[in-house]
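Before anything else, here's the structure in question.
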């Protein structure tokens, strides 16, 4: 039985001015899969993520989430959750209000309850009524993750989500991400930390100058040599 | 959160309402922008009074002009802050990634701005009535109606331009520069029609101006809603 | 830089014949207007400023602004940056023409009836449109990213063209309800044939000049964008 992949990216190209930030990227993610995406700064990872999230329109190519093209309209974004290194929070609103907003925008029937349980999963429910701007960077990141997951998205896009998290926060994040994967969600994880990335990955890719220079399933790669191979492919010294 | 829920995303109007409430919640928590704009409006209204020779021109004749000019500048103060909170931590990405239409973002913010501007008018108009000794009568009801029409036009154009201005280096200067030419028909129509109605003239005299206001509102609410998606980096 | 065949060779500088022809035409207009066209009875020689004032108004308000508006709509539809350059060039050249209108208006007014500015409907509309074009050019200057700049400018261009009828209507309504000094209509119909011919000759000369300036400005914009592209690719 072939089921529709959660995410299908076909021939994505996106330019800014004369420069191709994403230059022909295609891949597929099925339920429960996680693609760890590595690459040096400027490789186009963030742009690719934004294309898949529906924040940017591709110059060429298409993105299908659960078989629905993102071009089809707003509904296609319903199953996507995005975590980036910016917190995407409103500083003047409380942690709870921020997550509640996301719940409402996704049409959840009981936004407050969903928001509280999302915060609890990330271990920040005791700060529910604190203004977002008074939270530390790490706690803001946790709230941001709760915001991205409150609607139980089938596709989770994470851009350096571990940035700023302490040990407890990282553990909470890894647990939440694994649990999401087990529930059938697909993950696209952009990270500089190869160890963390490989821990969750079922696929791994290295991006450079807008292209996947290497892309394989987790079983085929050897974590031991991957680090040095990555440095070589990424053009790092 | 264990199972994967499929829920029905809000339609454009519902989403606009959610976003408007969010903006108003932020505004009322801090209140700084509202109070600043309000103080500006009240001060402006009083300062204008001393700029004329009160014996040569009756205060009641000055009032409409003063009211609508001050209204545009106070409105601009409010519009300035419209998109600031969205860029600070890329909160707008949360709105753009949600399954809501782009237009609902514009409509929600415009609605919040409308409430803001109406709040200012709700205090400024009575202040003008007080300081300029306007006769209380049917004219005041008409004034409220004109204020509503003018506010809609102001907010429609101002919200769109603040979405653009916020992405530039000189946002505070650019927003007035872009908006004021568009406010000209609003101010003219509002001032001329309210002057006539408050002087007790028959409504037929104010009608041509009111028609301009209504037409302006219809044209620009539509045009700005359609144009808004083009101001987003997509 | 390695030597490679340049995909975009710069055109060799050539004299701008179109511009030359246009300038000759404008010079011709001056000669014709001053030497060979009868002097208007009521206003005297000062009336001849009309041949510059009214013709510039037509080119600046209708042709330049209209072209900018059309190019803006087409840009949002087709996303071709050439259209953006046309809009930009048209706005700038149009601004020059509008400035001429705003400069000659008071000169004419002061000479004829002693007032620098009379809030004449057309002049006032031109003034507001002048402000709008200035705002348009300032907006372009304030946005650095080229794609965004073109989009923003196009949006403003379209909204501005929607605003124009409202400005005209409001100013016209204002004037009809407020008695104001009678302005001698600066338009063609009531003119004798000789003057009409000069007027149309003037119009053609200024249109030619507009086309020449537009083309020159467009070329400048193309070169500038080319330079920016190269910088991005190699920088």
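Read from first to last, the chains carry the letters A, B and C; within each, the first residue is number 1.
The criterion applied here is as follows: a contact is a pair of C-beta atoms (placed from the backbone, for glycine too) under 8 Å apart; a residue touches a chain by one contact, two chains touch by 3 or more.
All values derive from a computational prediction rather than experimental measurement.
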item: Chain with minimal offset from the mean of all protein Cα atoms; value: B
item: Pair of chains ranked first by number of touching C-beta pairs; value: A-B
item: Remotest chain, chain A as reference, centres from CA atoms; value: C
item: For chain A paired with chain C, centre-to-centre distance based on mean C-alpha positions, whole Å; value: 50
item: Cα-centroid distance, chain A relative to chain B, in whole angstrom; value: 38
item: Mean-CA-position distance for chain C and chain B (Å); value: 32
item: Interface hub residues of chain B, defined as touching at least two other chains; value: 233
item: Chain A partner contacts - residues on chain C that touch it in the complex; value: 145-147, 228-229, 232-233
item: Chain A to chain B touching residues, read off their complex; value: 53-57, 73-78, 80-82, 84, 86-93, 97, 101-102, 104-109, 114, 117-118, 121, 147, 149-152, 154, 183-185
item: Contact set on chain A toward chain C in their complex; value: 16-19
item: Chain B residues touching chain A - in the complex, by the definition given at the top; value: 1-10, 15, 18, 22, 25-26, 29-30, 85, 88-91, 93-101, 233-234
item: Interfacial residue positions of chain C with respect to chain B in the complex; value: 76, 128, 131-132, 134-135, 138-139, 142-144, 148, 151-152, 154-156, 158-160, 162-163, 166-167, 169-171, 173-174, 177
